[in-house]
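Okay, so subunit A shows up in both of these, paired with subunit B first and subunit C after.
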Partner chain A sequence: MITLDDPIIWKIAFPAVMLILAPIIGGLLIGIDRKLTARLQNRAGPPIVQPFYDVLKLFGKEDKIVNKTYLVFAVAYLLTVVLSTGLLLFHYDLLVITFMFGLSFIFLVLAGYSVRSQFSYVGSNRELLQMLTYEPILLLVVFLDRLVTGSFQIDAIWSFTEPAKTEPLLYTLPLALLALFLILPIQLRKSPYDIAEAHQEIAQGPVTEYTGKFLGLVTIAHFYEVFFVLWFIGLYFVQNWAVRIGLMALAFLFSIVIDNVTARLRVDQMIRQVYIIGLLLIIVNLAYILITGKWIA
Partner chain B sequence: MSLIELSRKKSPWVIHVGTGGCNGCDLEILACLTPRFDASRFGVMSTGNPKHADIMLVVGPVTLKYKEIITNLYNQMPDPKVVIAVGTCASTGGIYQGCYGHCGSLDKVVPVDVYIPGCNVRPEAVIDGLVLGLDILNEKERKILEEKKKSKGAA
Partner chain C sequence: MDGLLLLSLTVLVPVLFGIISYLVPGYNLKKYAVILCALVLSVASLLILYNGPQNLTVESINIGMSLPVSTIIIALDFLLLLVFLYFGYKDREYKVLGLAVLQLALLAYLELFVAGGEEAGITFVIDDLSIVMCLIVSLIGSLILLYSIGYMKGDKNVSSFFLIMMVFLGDMNALIFANDLTWLFFFWEGTTLCSFLLIRHYRDEPSIKASDRALWMNLLGGIALVCGIILIEMMYNTRFLSELFTAQATMPGALSFLPAAAIILPFAFMAVGAFTKSALMPFNSWLTGAMVAPTPVSALLHSSTMVNAGVYMLIRIAPLILIFGGGLLSTVITIVGGFSFMFCALLALSQTDSKRILAYSTISYLGLIAMCTGINTWLAITAAVALLVFHAVSKGLLFLCVGEITHIIGSRDIEQMQGLIAKAPLVTVITVIGLISLMAPPFGIFVGKWLAFQSASTFTQIGWSLVAIFFIIFGSIFSVFYYSRWAGKLLATKPAETAPPAHHDWYMEIPLIILAAGIFVSVALTTIFFTQLIDLPDIYGQEPGGLVVGEVLRSAFGGFSPLMFLILFIVILLIPILIIRVPKTSLTPTYSCGTGKEPDIGGGYFETLIGESKLLKYLNPIGILLLAILFLAVLL
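Take a look at the complex of A and B:
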């Protein structure tokens, strides 16, 4: 008889169910985002299930195939995003998860470079610069996690220090969490850092040439991305489900509000802002955990 | 009605092409996206990319220089697609009728499915035309599938 306390539920069944639900949750979140944005602008807005209508429609459209490499990169992009989400849910190594998530961006960049369209090229260049901006910050945050928990394994977050005294990451790394909030718009491709998919200037950036079901696959990958980013932030308070989900909701609301109140920035402005503010937050947080002696070698 | 046909009706992505008119109809189309008329509650999304679009809204008389561009845009759109002529100029040529340097009307260049007359059109009329175009999308897809079946049977 399997009870709720059985480790098999939390180690295998729950992550598997969440991995299947991830695109549905991500799609609904994007739908809520569009609805909320519309309400903020005093419009009625599309229904919440609109992203699913869009994807289903794309699967019913003709595929205009530019070249075969482009299609392979779309599938690779989706698979790496799904893989990084899966690794996160099944409690794998944080460092591997971060690099796998970075790899998905690389596949998108390669997709943009593999077609002869200037919009794709410009989009890919900008996508690379965005990676250059957020990846060091994300890695440093992961290193800080390692310094506090003593391991890159996600399981260590539940049981660091002594088994009796488990402390949420939020209490030791509050500024690292703020640094994650700072790179949130880049990962979610939202304003003010939606430079790669600036649809008013360069069509849709790297995904300009996708049509039909391959654009649908890229959209599904984006659903997974939204889920991945929010779940990653949820790791900062794993002790209590209510606070954990509250933290994810806060990050989501933060991204929507920032998306609505800011305009798109230039690449150099983005690099300057994210590096200066992000590194400052991380250095202060590092000093804090070094001084209070909360680090494990 | 299958799920894909339903979602096709619910999510028309629009590309908006101006072929050298007076910009009156352009402004009315943009007014459709504002809070007062809000075409996005039907799932309308304005893209600048013909490869992602389902519906092409064409404004203005098609000048000779623009003929090639607009056929190019039309050919880049994936099936099923609908072309809507917005305004009198695109529908019939309007006040430019018989003038040199333009093609007469849009339907002499690409097949047009819906005409929205008016100089300039009202935003309500644009929304009405868009909703008319949604039913045509599914009809067109059914026709394409039937033709594919026929050509397979012949082969």
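Take a look at the complex of A and C:
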């Protein structure tokens, strides 16, 4: 008889179920986003499940294909995003997860480069610059997590304050969490840092040349990404489910609001803003945990 | 098997084959000598691996009469310096002249006044580190030899080319095994001579200039090394590397004005020697200049020989620095390495010449290895050895690919390589594999970076830890940038382009295929490599084998399974490659948002921001300043 406390539920069954639910949650969130944005702009907006209708429709479309290479990378992109989400849910090494998530970006960039289209080429170039912007901040945040918990393993986030098990990451690394909020628009491809996909200037950047079911696959990958990014933020309060989900919801709402109240920036503006503010937040937070001695060598 | 026989197989036999191939007439006969040499060398290195660690003492050679090896080596050493003097005079290169004279004086001082008792000791040590190095030199070196048969066809100086290449390999092997520091110095200068001669292979203005620059910088490094050796003999009273571990340090009377901490001064000198050999900042310009040489030479310099000698030396002296309390020295080495790692990656980002990109990326990865030796914990040294191996395989492969691509399209500019996959699918796919292996998980470089990141996070002083992490993060991210851009360019094709009937030169392509397979095999074997082939001195307190749990590398901070992720990676790419079918009917030209024109794409190198002319004028002085700090850290 398996009870709810059985570790097998939390170590295997729960992550597996979440991995299957992840694209659905991600898609719904995007639907909510579109609805909210529409309401903010005094439009009726599409139904919340519209993203799924879109994907279904894409799968019924005729394929227009330039070459095989970029299709291969699109699928590799999707599979890598799924893999990194799985690793996150199954509590693998945080550093490895961060790099695997980075690998999915690399595949997307290669996909964009593999077609001779100026739009996807520029998009890929910008995608690289965006990666150059957010990845250092993300890795530094992971480094701070490691300092506080003593390990890169996600499991350590639960156990580092044993036996008390009370102190969430949020209390020791509040500014690092803010730094994650800062790079959120990049990871979610939203304004003001939606530079690579800037649909008004370069028509969706690296994914410009996709049609039919492959565009559908890329969209599903995006669903997974939304889930991944928010789940990552949820790690900052693992002690209480209500607060944890609240934190994810807050991050999500934050990204929607920011998306609606800001205009797209140039690449150099993005790099400058994110580096200066992000590094400052991280250094202050580092100083805080050093002074309070809340770190493990 | 007899260790002496194996030693001569890896050291003397290449030299012998080199002379044979020099003497025999005709390209075909030379070719067979080269193939034979490659075979013997590979087999010999595998035998050394099979035979395991051992110590050897070679005192004299018997050819009719007994000749003491030491005397021969000293004589050759002086001869070598005279050759440098000759070239310095011939090219009117006064830096070379001056440095060679200085080195001559120092060497004479070492041999006449300092050389301790003539007590015998272990002259050659075959330990795990030298076995690993020997495998790199011999296996990758052999493949490069095979490749150059195809590449150098029709070259007019091909006889001397093969001779020097093979002498280089033999000399490098000797350098790796040498335990007697005075001998090691001779082999060290031998690599300088070989690389100098190979760089000026084409004998035109730019190559002579580049070779002279390489020569004077390496002579400078040689002077640092000989100073280090003199000081070691004075302070530690031994000339054998292996005996340094148990040596008693005493400050000689002549140097009593120095503070007590200066006991590690010789290692600072040796580190500077290593920096020049590995072309770390501020010595980077000789390696980027060396790009004028034929591509197999670049491959040899960058992957299996020359530059590895520098980091090899750093890995050798790292435990000694730890034993004799040079924590500050280690920290400065970390900074020098990290500085090169990050900024050379940034410089590579602004380049369009593929060989220059590779050159900067070599310096950058050597910087990372140097940085690991500076962090100097068991995890970091493991990372250093692992990076050394994985980098050699990937970088050797990439240089050979660039050579082949240059043969096909007649250009080294990556802008010209757009859509190469349609013209030359095999070499392009292999190049892309090589590029991905240098930036993405789960390949070897990633394993190394992952270990480096962990070891940097365990620094006792958190401030340095942050600096080291900063260098690793930005260095890695810049590398990802320029490698993926290049890979993307190779893959950019128009629809329905078909490959022209391929022209195969198997001498060039078989080494490529073997090395590409080597990338996958080396990752798959990571755990075995860690348990069997990395053996750290006791001072570190822990063995890399402690990392391995089943197929997983598990440190106190995290876990990663190279084999599992390699399989996942292959699956992720194979599934779409096998499943996706592109029906002819759905092929269309690029949509390009209806612009309908053949797009003119390119750019994005930010030369005005981070070009060589912008950055180097700041980076070189900082590099020199760091060297000054290196010595200050020891003396203060």
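Heads up, the rule we're going with is that the second predicted complex is superposed on the first by the 294 of 297 C-alpha atoms of A that agree within 3 Å, B and C clash if a C-alpha of one lies under 4 Å from a C-alpha of the other, contacts with A are read in each partner's own complex, and residues count from 1 in each chain.
Operating definition for what follows: a residue touches a chain if its C-beta (ideal position, glycine included) is under 8 Å from a C-beta of that chain, and two chains touch if they have at least 3 such contacts.
Given the structure is predicted, the values throughout are model-derived calculations rather than measurements.
When both complexes are overlaid on chain A, the residue A:E209 reaches subunit B and subunit C alike. By the touch criterion stated above, A:E62 is placed in contact with subunit B and with subunit C alike. Within the superposed three-chain model, A:F181 lies out of touch with both subunit B and subunit C [touch as defined at top].
In the superposition on chain A, contact is made by A:E135 with subunit C only, not with subunit B. Put subunit B and subunit C next to each other and count what each touches on subunit A; the higher total goes to C.
By the touch criterion stated above, A:L110 is placed in contact with subunit C alone, subunit B being left untouched. In the superposed model, A:N125 lies in contact with subunit C only, and not with subunit B.
Applying the stated contact rule after C-alpha superposition, one finds that A:F90 touches neither subunit B nor subunit C.
Overlap of the subunit B and subunit C interfaces on subunit A: residues 62-64, 203, 208-209, 211. Looking at the complex, you find that subunit A touches subunit C at residues 62-69, 71-76, 79-80, 83, 92-96, 99-100, 102-103, 106, 109-110, 112-119, 121-122, 124-125, 128, 131-132, 135-136, 139-140, 143, 146-147, 150-153, 203, 208-209, 211, 286, 290, 295, 297.
Interface residues of subunit C, counted against subunit A in their complex, comprise 418-419, 421, 436, 439-441, 446, 450, 453-454, 457-458, 460, 462, 466, 469, 473-474, 477-478, 480-481, 484-485, 487-489, 491-495, 497, 556-560, 565, 568, 571-573, 575-577, 579-580, 582-583, 586-593, 595, 598-601, 604. Interface of subunit B with subunit A (complex): residues 3-8, 10-11, 13, 34-35, 38, 40-43, 45, 47-49, 51-52, 54, 76, 78-80, 141. Chain contact summary for the complex, subunit A toward subunit B: residues 38, 41-47, 50, 52-57, 59-64, 199-200, 203-204, 208-212, 215.
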